[in-house]
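After this come two complexes, each holding subunit A, first together with subunit B and then together with subunit C.
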Partner chain A sequence: MTLQQIFVFAALGLLAGRAYGRISRPWLLFAASALAVFWLQPAALVRGFDFWLPAASLGLAALVWALTLPAGASLTREDKLAAAALAVGGLLLAATRYLPTVLLTASRPPQVELVAALAAALALLAWLAGRFGRGRAAVLGAATLAVLAILVALKAEPLARGLNAGLRSLSGQDPSLATAFDLNWLGFSYIAFRLVHALRDRAAGRLAHYGLRDFVTYIVFFPALAAGPIERVERFVPQLHERFLLGAAELQAAGQRLVTGLFMKFVLADVLAYFALNPALGAQTTSTLWMWVLLVAYAWRIFFDFAGYTHIAIGLGLLFGIRLPENFARPYSQPNLTAFWNSWHITLAQWFRAYFFNPLTRYLRTHKWPVWAVVLVGQVSTMALIGLWHGVTLNFLIWGLWHGVGLFVHSQFAAARKGAPAPARWQHVLSVLGTFIYVALGWVWFVLPQQAQALHVLRVLFGLG
Partner chain B sequence: MDTQNISPLRLLLKAAVLFVGLNLLFAALNPLPALGQLSLYNSLLPGRQRLPYGDDPQRSYNLNLYSVEAMFASHVLAGAPKPADEFRVFVIGDSSVWGFLLENKDTLTAALNAAHLHSADGRRAVFYNLGHPTISLTKDLMILDEAMQYQPDLILWPTTLEAFPWDKQLASPLVQNNPQRVSALVATYKLPSAVDPLATIYGAPLSNLSLIRQRRNLADLLRLQLYGFAWAATGIDVHIPDEYERHAVDLAADENYGSLQPPLQPSQLAFEVLAAGQQRAGDVPVLIINEPIFVGHGANSDLRYNSFYPRWAYDDYRSLLAAEADAQGWHYIDLWQAADNDEFTNTPIHLTPQGTLLLAYELLQTLSTQFDLNP
Partner chain C sequence: MTDKNEIISKLNTYITTELLKRPDKTIGADEALISGGLIDSFSLVDLALFVEQSWGARIDDTELNAQTFDTLGQLAELIAARAS
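Here is the complex of A and B:
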């Protein structure tokens, strides 16, 4: 989100906050989120895709909603209205192609007839999904795999390049110019996890019945679209229906979060960006001391950037009466890696715990694996996947493994120290410092795309360059 | 407080009052010159070897800014008082002195420092690069004026014809953005009003002092400090592309030189600015150097030496400058052919590392004979 977009959302929150007696907050958030998906989407290098990608986000939300409807649930008037609003809204947005300047999308939207045809196809697909696939384990499983497959296709460079080449061919562009970065599907990493959360909870019978309007709002809620946090639907939707008026207390709370977030993101993170480790600086720096400065700057930069966005998201949410979950809790003050991962990108870690780590370790335990092996496999594979979620590259995998191994070692160390007296103050300080250094060394693999670059930086960091 | 007490209109009004108040306060205090002197350089960060300049900050870790105070505060010169055993030599001038497309180790000052010269009284000569990549004698005078507080023992002033025409004097953005500073020099040294930015289109500076008008300059002060970390880590302060467009060898059949007509008259060149520099230097000797240029042998080279200069203009300039220096008793050396034609890069005055060494070699002889600086 840009500063301009944040201010527009904040102004909308301020204006709407005084009008909820006259307008419906769920409908406002639905409309604002659906439109914001298009507005926030950056320009795509494949023609028309800065329209199609947000449209696909909304379409996927609608499809998954249809698949996760409880047996026996029928369409309400509100659902029909929401579906109609999505379709008509999409067509109206497409019709803005005839205006002298584009209104909401990064480039001119595609033809209205094409949008109408695809909206009709989507409606048919959603009807079929609801009619024949609803609640069926195999269909839910297939849908989960399909969502994850899209995520992998976007995150794995060769697949993304191939996909973009295909899409370029379809849109009449030169496929040889395709790169892995032609499509920047805004927020799909988070959308995918919300969709999988709904699909898996439906398969487990834990998902309540939500209307289309509220479910779509949950999936693409604009403050949390670009960088999370990953809210849970059962916590999100009830808040839409709570009575809310923007009073002084709410405004103060939201304002504090927004100011904190803006300062973190647009001052601290952007200042540190000038000398935070990056591929160019990593290659050009030969001094051990300065390489550590660059690395520490990067560690804080990524924290302020990400935590700043979270504050902004939470602050904007509060302006609209939605309390999004916390994502960071002083992670660099934690004395060990386990505590770090309980305070860094908290909602992502919780998501993986719920949908990967817990089922996996439960499975391994039932198959009589020794406890240490369960912990090792569980933690290493979970962290490897978290690494790959950032991008399917060897360096992200190594970053994940670095943390997985660290978590395993700490868990064994903590088990061995069970019952030992609490550490002294100086031991705690050393633990915090040691944890920070371990995490910072991991960032080397995170920030540098090539193994050779990362190894060079590590050599310089340890005076071996 | 409850919901009824929140008035968006009142909120906006308060914000507007604060905004206007802050701008007025900023304009009244004009804190930029003082802020420019606050610097991490020479304490937390090493001082820069040359004045800040960079068209591609993200790759050169360097940037253009207009605060002369900040430029000097970032320079290694401002790092410590002058040591007793140092014979301090400033080299002012344009981009060829600064070292366009040259790393620090390849600049003219680096080449001169590598000679390890000593003065007759045994002090070691240290050459400081105070070049700045815009061509204007008035800009050089402004730099010299600021530099004098750092106690030079000798000043080298390489220059070229392009710095002399009156209409070039205010062309440098550094000059345009320091109107009070330049106007003070104009008043002190009784220079023509043509070089007074306050008397020209660059005037009305007081209306430009608000925070909103100065935000770019304020941000530049901060960015200069921030790029210092990358400079310190890498030692890089210039981005040299792998490939760049070489200066023209075949020249246009054009003998025009700006609005000037042959023959060139002394009044058409800013000798008064050179004289002001000599006056500002006081007892410190100033060596004026006509810097090397590319001498073309391609198409139309009978008309022009290079893309900068028609032959008539450059020949007249050399004669006039030599005569003026002689008349005024200035130290002067004409090194216009000190570098081979292969040693120019993207312009007819920018030298390769080898070309810079050739220039330094010629210069070392003058430094020895005229100023008794020897290895």
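Here is the complex of A and C:
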């Protein structure tokens, strides 16, 4: 989100806060979120896709909703209204192509007839999904794989380039100019995790019945659209229906989070960016001391950028009466890597625990694998996947493995120390410092896409350059 | 009929001897197990398997977090509600 977008959302929160006696908060958040998907989407280099990508986010949310409805549920009046609002809203937005300037999308939307045809096809697909696929394990499994396949296609460079070349051909553009970055599908990494969460919980019979309006709002809630946090649907939707008044206490809580977030992201992180490690600075620097300065600056920049963003998301949520979950809890003050991962990008780590680490660990434990092997396989594979989620490239994989191996080593160390007395103060301080250095060295792999360059930086850091 | 105190006592013995390897320790019914860092993510799965074997109460993989239960008291309530 840009500063301008944050201020517009905050102003909307203040205005709406005065009107909840007359307007419905769930409908307001639904409308604002559905429109914000289009408004926040940056320009895509394939023609029409800054319209199609947000539309696909909403379409996928509606399809997954239809697939995950409980067996006996029928459409309510509210569901029909929400579906009609999505369709009519999409058509009206497409009709803005006839205006002299674009209104909400980054570029001119595609033809209204095409949007109408695809909206009709989507409605048919959603009806078929609800009629024949609803709650069926195979269909839910296939839908989960489809969502993950889109994620991989967007994140793996050769696949993304191929996909973009195909889409360019379809839209009459030169496919040879395609790059991996033509489609910047805003928020899809997070949308995908929310969709998989709903699909897996439905398969396990744990998903409650939600209306289309509330489910779509959950998937694309605008404060958490671009970079999380990843809320769970059973915690999010009930909050839409709580009585909410924007009083002095709520304003103060939201204001504090917004001011903290804006300061972290647009002051601290942006200032640190001038001397934070990047490929160019890494290649030019030959002094060990300076290389450490660059690395420490990067470690704090990425923290302030991301934690600041989360403060802003939480603050905006509070303005609209939604308490989003915390994503950071003083990660650089933790005495070991396990504690670091319980306090860094908390909702992502929780998601991976719930849908990957726990099922895998349960499977291996019930198949009588030795404890050390279960911990090794569980932690290394989970962290490798978390790494690859940032992008399917070697440097992110190495970063994930760096943390996976670190977590395994720490768990073995902790197991050996079970029952030992609590560490002294100086030992705790050393542990915090050691953990920070390990995490910071991990950022070298994260920030530098070329391994030769990462090795150069590591050599300089240890005085071997 | 499963008594809550009985469940807490059995959980306490399992966690202190098997997971923490500190049989001399007693965990308070309100002590934070997950958010307090007492039980790591791997041991949490073992705890879920133990609960399933002992009481037939299934705790889903998505429920192994501090929001679902964070103390022995909360876990015992969950077990009492689901025990077969």
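The rule is simple: the second predicted complex is superposed on the first by the 465 of 465 C-alpha atoms of A that agree within 3 Å, B and C clash if a C-alpha of one lies under 4 Å from a C-alpha of the other, contacts with A are read in each partner's own complex, and residues count from 1 in each chain.
We adopt the following convention: a residue touches a chain if its C-beta (ideal position, glycine included) is under 8 Å from a C-beta of that chain, and two chains touch if they have at least 3 such contacts.
Bear in mind that the values here come from a model prediction, so they are computed numbers and not experimental data.
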Fit-or-clash call for subunit B and subunit C when the two complexes are aligned on subunit A: fit
Partner chain(s) touched by A:339 [first = subunit B, second = subunit C, both, neither]: second
Touched partner set for A:106, first subunit B, second subunit C, both or neither: neither
First (subunit B), second (subunit C), both or neither touched by A:291: first
First (subunit B), second (subunit C), both or neither touched by A:142: neither
Touching partner for A:235 - first (subunit B), second (subunit C), both, neither: second
Centroid geometry (CA): angle subunit B/subunit A/subunit C, rounded to a multiple of 10 degrees: 130
Which of subunit B and subunit C A:204 touches, first, second, both or neither: second
Which of subunit B and subunit C A:15 touches, first, second, both or neither: first
Subunit C versus subunit B, contacts on subunit A by residue: C
Least Cα gap, in Å, left between subunit B and subunit C after the two complexes are fitted on chain A: 31
Contacting residues of subunit C [partner subunit A, same complex]: 20-22, 37, 40-42, 44-46, 48-49, 60-62, 64-65, 67
Of all residues in subunit B, those that touch subunit A in their complex: 1-3, 5-6, 8, 59, 222-223, 226-227, 229-230, 232-234, 236
Subunit B contact footprint on subunit A (complex, rising order): 14-15, 18, 245-249, 251, 271, 274-275, 280-281, 284-285, 287, 290-291, 293-294, 297
Contact footprint of subunit C on subunit A as seen in their complex: 197, 200-201, 204, 206, 232, 235, 338-339, 342, 350, 353-355, 357-359, 361-362, 365-366, 371, 374-375, 378-379, 411, 414, 418-419
